[in-house]
Each structure stands twice: as structure tokens, then as C-alpha cells.
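In the two complexes below, chain A is the common chain; its partner is chain B in one and chain C in the other.
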Partner chain A sequence: MSCGVLDEEEFSRCCQLLLHHSDSVGDGWSWEAVQSSDEGYLKKTVLRSVPADQSITQKHKESGSDSEQFDYCRFKTEEQGVNGSADSLRPDVEDEDDCVCRAPGGSSCSSVLQFEYHVLYSCSYRTPVLYFRASTLEGRSLTLEDVWNSVHPNYRLGLQSRPLDAITQQEHPFLGQAFFFLHPCRTEEFMKPLLQMTWDQNRPVNYVLSWLSVVGPMVGLDVSLDYVTLQQPTV
Partner chain B sequence: TWGGFYVVGAYKMSDSAESPTETQKEEIHPPPDDSATNDDKKKIDVLLKAVGDTPIMKTKKWAVDKGRTVQSLAQFISRFLKLDATEQLFIYVNQSFAPSPDQEVGVLFDCFGSDGKLVLHYCKSQAWG
Partner chain C sequence: MADDKDVLRDVWFGRIPTCFTLNPDEVTEREAEPYYLLLPRVSYLPLVTDKVKKHFLKVMRTEDVEEIWFEHEGTPLKWHYPIGVLFDFHASNTVLPWSITVHFKNFPDVDLLHCPSNSVVEAHFMSSIKEADALKHKSQVVNDMQKKDHKQLWMGLQNDKFDQFWAMNRKLMEYPTEEGGFRYIPFRIYQTTSDRPFIQKLFRPVSTEGNPHTLFDLLKEMCPDALTKDGEEKRFQVVIHGIEPLLETPLQWLSEHLSHPDNFLHICIIPTPTD
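Entry: the complex of A and B
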């Protein structure tokens, strides 16, 4: 790893380390190999409940307690195994009532969405790239506007101020289907000082994990602290 | 160009930060909250370290409420450094990992604190152009 980018072999290695931890805690990531080669990408599916009437309002408050900002809850699909502690629940995040699935027709959790996140390697940018798509449980794909309505309020303003640059629709390089993706043009720039710092300190770092921790929360993808707190082998 | 993700620069900056004084360690005070409990008043020591070309804060040591979020702290630092709206600020723990903006610094302290303090690295990035 140097200069803020990484080659594909390093990408794969970082992904395998991430997978190793994910497997051990049931975080739900899987590796999708491409044509039985070493190429592939990470994939994770998450169910999220989004209030139907969630509007694009700035919910940020300046006080120390920000728990009231979270008015949607998340839970995992069955495929990922049942391990409640693996979810990166933070004690402050949800009012416990909001985590309980209300009966259909309830006023708050009125729509459940399925988010699928893919981490691919971009040969042209030499960085990971985050692709994602979302649909209702009935299979209706979300539009870009729908996606924005489900993005955490903290990020919406920034993303929407540069919509064409941040989240765009892109054909998935392997699946040939329409996905949204976070444009990777800024990745090298924000990864470079981070990597330099770790190099200076002789500190091993997982590029993909670090990158994911930065970009994931923008689009509702949690990356649990325990990826770092539990001792991990490094690249 | 890319709009970036930390909306720190895009929001009206918090007015809750006190002006720095010449003392060694400062406190970050939230606005008055009449529901504050004893727990809310617990603070942890945070040491802020700049990464890359990011300006170094004149005051590096801060006593921060445990319940303060990363996002809130990032906004505070941005305001302190007078970053403009086109600059995004990132915060890292363990020198390599960006905690969720809603993560409480108290939790980070429990996980990564040593010698009685939590070291956080911060880095700005040009979001536009």
C-alpha cells in the first residue's frame, strides 16, 4: 500500500482478513468469486426499517446526546445468522422502542428495505469502490431519491449538495445490473494521509477496513468497532 | 469532484464551543440541558492529533462529555479550525479506523483509551474541485 492506493492482490488480502473477522462474529460479509478466479468482491445484505414519512430535514442537534437523530432501526436478514451481539448496536443509538418491529400498518416503521452492499476493486482508480442497491421486500427497486431518503440525516445534506459526484447509478462490472455507487475519485485523497500516518508509526493497517469505516456510514452501512478492538492479523 | 460524506462543513457550526483560553486543557460544553444526569456530566480526556496537512489545534487536550458523538466533535474541530464548507473533517481511532459519527466518545475511550486518555486523529480533506 502506498500513495493512497492499493493493488488488486492487496485488495483481496485485505478482504480476506475482513471476512475472517466477519465470519467469527457473524457480521454477514461474504466473498463472491468471479469466474472461479482470485478476483471477486465482498457482499453484504442488510434489512433496514425506514419510516415512510422520513423527510429530508436536518435533524442534527448540537447537544452531546445525539440519540434522537436515529429514528429508524436496523436488523439483519436471516441468512446472516442470528447473533444479536454482532450487530454494531451502539448504546446511544436507538430508543429501544424503535428497535421493536411494530405491527404492519404501524405509524413508525412502515417500510422495510433490503440493502445490498458490494465492495469491488477499481483497476482504474486502484481503490475499493462501494456499490449498493436497495429494494423493498416486494422487490421494487429504490430510486436514487428513495435511497437518499433512507440515508442517515447527518449525511444527506452533504451528499445532496453534490449529487452527481457522490452517488450515481452505475452498471455493476460483474453482474451487469444497475447499482448505485459512491464515486471513488476522492478515495486516494483521504486514504493517503491516513496510510502515511500508519506507515510513519510502523502500524499495520487494513486498507479496505479503514476505507470502509469512512464510506460505509454514509450509506447506512455499519462497520463495527470490534473490527478494530478484537485483535486482527494484519496485511 | 465529489461532495464527500462528512457533512461537517455543510452544517451551521455549533455555537456550543467555548472560546479557547490559555489553560492547558479545555472543556467542551454542550448547551444547557436540564435533563442532564450525573452520568452526562462525566467527561473523558481526549488528545487530538492532526494528520497530514491538517492544521494543528493550538489546544490539543480536551475534556469531553462521554455522551458526545464523533460527529459533534468533528463539527467542533471544524469550527475551531475555521474550515470552510468545502472541507470535510475525518476522525480516526486507533490511527486507522473511522468510528461511526454517532458513536459516543465514551465508548471509544473504553475501547481505545490508554493512560487515561483517548487519542483521536483528525484529518481534513478538500471535498470540492
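Entry: the complex of A and C
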């Protein structure tokens, strides 16, 4: 690892370690190999419940004042002890890990969404990239608007102000299907100080795990603290 | 070289005669006539099909119209691929004009990206340019450009202005003389025989011994099955902008002259037609 990026071999190694830990805590990550090559990616599928009248079908204005309509049911924000470097992307989080179902009219959670997360390697940017898609159980794909509405409102403002960090649709490089992805061009920028800090403190670090703990929560992907306590040195 | 500049123009002004027909299952108020158009190879479907859309909307009721999408012989066409790549990959050995079916319903949202406006096309285009420069120059050239320079690249493409585009793009085609070429070559290889949408990996234009890599070297590394072995019949054509360049062509030259405006070299491997 050097200067905030990693090569493909290191990526694979970090993924294998993450998988090992995932298996031991039952977190559900798997490795998908690409036909007859050593390329592959991490995959995880998550089911999430959503209030019946959540804005899958409604239009939402993109403003902080809408947060009372926002469903916190799906997200826990976790502090991974790397605040210093990731501050530019992670705002001050006031409500931590409260699973509160707040829906207009007080109706209860009723529909279920399936989220699929894929972690691929970008050889152009030499960083991991997060691809994801979501659908109802009946197979209806969620739109970009639905996805924007599912992002924690605090992150949403930050994401919108930097368009290249924003969530956009992209073709999955191996499956050829429509996914959303977080553009990787800024990854090096926020990983550099993060990695520097761990080196300065002589702490072991798994690049993919650290990176995932920063970007995952932005799109509803939890990274359990168990990973941090279990991981072994990779540097 | 005067010849090389001609190549840039020939690439830019390449056109494909196309016939657009409305999907027969669409509900119309009267019969829809086909619409004929010359499509620029280097552009993208949403940028050049406003007239097509208007033409078919005339025979439809607004309630029957959803997001437009295009299909060729049952295959949804990916609007984020350059038009020339779509043609070479799907239809190069079919009779001209290229037949494209227009749909206004049942958008295949698993396979196709949505395209609600031209700004989505712009975002994709600029994203490709930035990725190409990450490979060529570690993003240094594109990051040194100002926002208005980026805009000029996009406007040049959108408005079919060769000079406006290349005034900026030439910066992206420069490299330190001592290097002999770009850091890595931005390319994508599309194979009809593969499940993968494309192959994109790191590949240098010059070998460690200092010899220029050729198109043959690239294919040998990325998809050796596409190459004809000695004594064998030629099973595949290697097509770029509708032509089959000599396999001995230096890759660096191809990258500088036969890239698309997105700065990627798009290479289609298609089966040789059996007459």
C-alpha cells in the first residue's frame, strides 16, 4: 500500500481477510470470482424493512429539514475511530445507533427492500469501488431518487456538494447490469491521511475494511465493530 | 504529420446510416413512419435522437409515453456506449441501414441505465475522460484543466465541433518525450463470445525493454483466443471505428488517433462473417 492506493493483489488479500472475519461473525459477505480469471469481487445482500408510506413513491425535497420524515430504521452510524481523516465526508453525527422508525402518520414498517452491495477493484484509480442496487421483493428496481432518499440526510448534503462523490448509475463491469456506484476518484484523497495515521500509530490496517467503514454507512451498509477488533496486520 | 490529422477528422466525422422504427406493440393513434438518420459514430444516442423522439411522439398519446429506449434485434442498446461501438459490436455485418427499434414502454431497468437528461450523458462522458486521464497521466492533465476547459470538451462533442474539441483534447494526448507514451493505455475490449460486458485492465504502451507495444501485443495479453493461430482460418475480426487496423500498429499511436472523444480505445472482437 502506498499513498492512499493499493494494487489488485493487495485488494484481493484484504478481501480474503475481510471474508475470513465475515465468516466468523456471520456477516454474510461472499467472494464472486469472474469466469476463468483471478479477478473477483465481494458481495453482500441485505434485506431491509421500510415504512409503507416511505418515499419510495413520494417525492422528497433534498433539505435537512426533511429529516423528520426520514426513516432511521435502516441505518446505524458507527464511529470507527478514524474521525480525524474522514471528517470531510462524515458530518457530526448526533443520533447514534438508535433504531427509530419514524414515518409520517405513525404507520408501521411494512415493505421489504433487498440491497445488494458489491466491492470491486478499479485498476484505473487503484482503489476499491462500491457498487450497489436495490429492489423490492417483487423485483421492482429502486430509482436514483429512492436511493437518495434512503441516504442519511446528513451525508446527503455532503454528497450533493461534491458531484464526483455522488451516487450515480453505472454499468457493473462484470455483470453488465445497472448499478449505483460511489465514484472512486476521491478515494485516494481520504484514504491517504487515514492510512498515514495508522502507520504513525503503528496500527495494523486492512485498506478495504477501513475504506468500507467510511463509504458503507453513506449508503446504508453497516460495518460491524467486530471487524476492527478481530482484524490482523496486513501492512 | 498531415496524414495523422486526417485520421482524427475521419474518426470524428464517421457516420452510420440508421433506420428507426417504432416498436409495433406501442399504442399509436395512427401508423408511424420509419425515421432515417445518419448517426455520428463518436456520439451517444440520447444526444442525437431528439428528432427521432419528436417524430414518433407525434403519433402517440402522452399517457402511453415513458422513458425512451432503443433496441436492435431484441437487444437493448446501451446509450452510454459510443454509437459506433454499438454498431460495430451488434450490427457491423448486417445490411445497411442499421435497424433500430424505438420503445416508449417497459424500460429494461436491470440492463439499461436511465437517461433523464443530457446532463447525465455529460456526467458519463466527463467521467470517462477523467478515468482515461487517471490511466494516462495519473489525472494530472485533467486536474490541471479548468472547469471551462472540461466544458469545452463536452460542448465540442455535443455540438459536433471538431476544432473546439481538439483544441482541448490535444492536451490529453501529450506525454513526456522520455516516457515514449502514456503511463497506461485506456482501452476496452468487447467480445461477442463473452458474458463479461468488456475487458479493461492495465497495459503499458511500451515494454520494459523500451519497445512499443502493438495491437497484437494487447490482444495476446487480454484475449489470446481472438487471435488467429498459424494455419487456422481467421475466426474473428478486430474492429475499431468500423475498420480492422493492422495488428502491428503501435498501441500508443492507436490511443492517440483512434480513441473516441471519451479518450478510450474501444475495440470490438466479432466473428468473421461466413458468406
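Methods note: the second predicted complex is superposed on the first by the 166 of 235 C-alpha atoms of A that agree within 3 Å, B and C clash if a C-alpha of one lies under 4 Å from a C-alpha of the other, contacts with A are read in each partner's own complex, and residues count from 1 in each chain.
One rule holds for everything that comes next: a contact is a pair of C-beta atoms (placed from the backbone, for glycine too) under 8 Å apart; a residue touches a chain by one contact, two chains touch by 3 or more.
This is a predicted model, so every value here is computed, not measured.
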Dominant contact partner of chain A by residue count, chain C or chain B: B
Contacts of A:Q177 with chain B and chain C, given as first, second, both or neither: second
Which of chain B and chain C A:Q169 touches, first, second, both or neither: second
Contacts of A:Q35 with chain B and chain C, given as first, second, both or neither: second
Contacts of A:D222 with chain B and chain C, given as first, second, both or neither: first
Partner chain in contact with A:C185 - chain B first, chain C second, else both or neither: both
First, second, both or neither for A:S213, with chain B first and chain C second: first
Residues of chain A at both interfaces, chain B in one complex, chain C in the other: 163, 183, 185
Residue numbers on chain C that touch chain A, as the complex places them: 78, 80, 109-114, 120, 123, 127, 130-131, 134-135, 139, 186, 195-198, 200-202
For the chain A and chain C complex, residues of the former touching the latter: 34-35, 123-125, 141, 143-144, 163-164, 168-178, 183, 185
Residue ranges of chain B in contact with chain A within the complex: 1-7, 9-11, 14-16, 30-31, 33, 40, 51-54, 65, 67-69, 71-72, 75, 88, 90, 92-104, 107-108, 111-112, 121, 123, 125-128
Interfacial residue positions of chain A with respect to chain B in the complex: 58, 60, 62-67, 69-70, 88, 90-93, 152, 154-163, 165-166, 182-183, 185-186, 189-190, 192-194, 196-198, 201, 203, 205-206, 209-210, 213-215, 217-218, 222-223, 225, 227-229
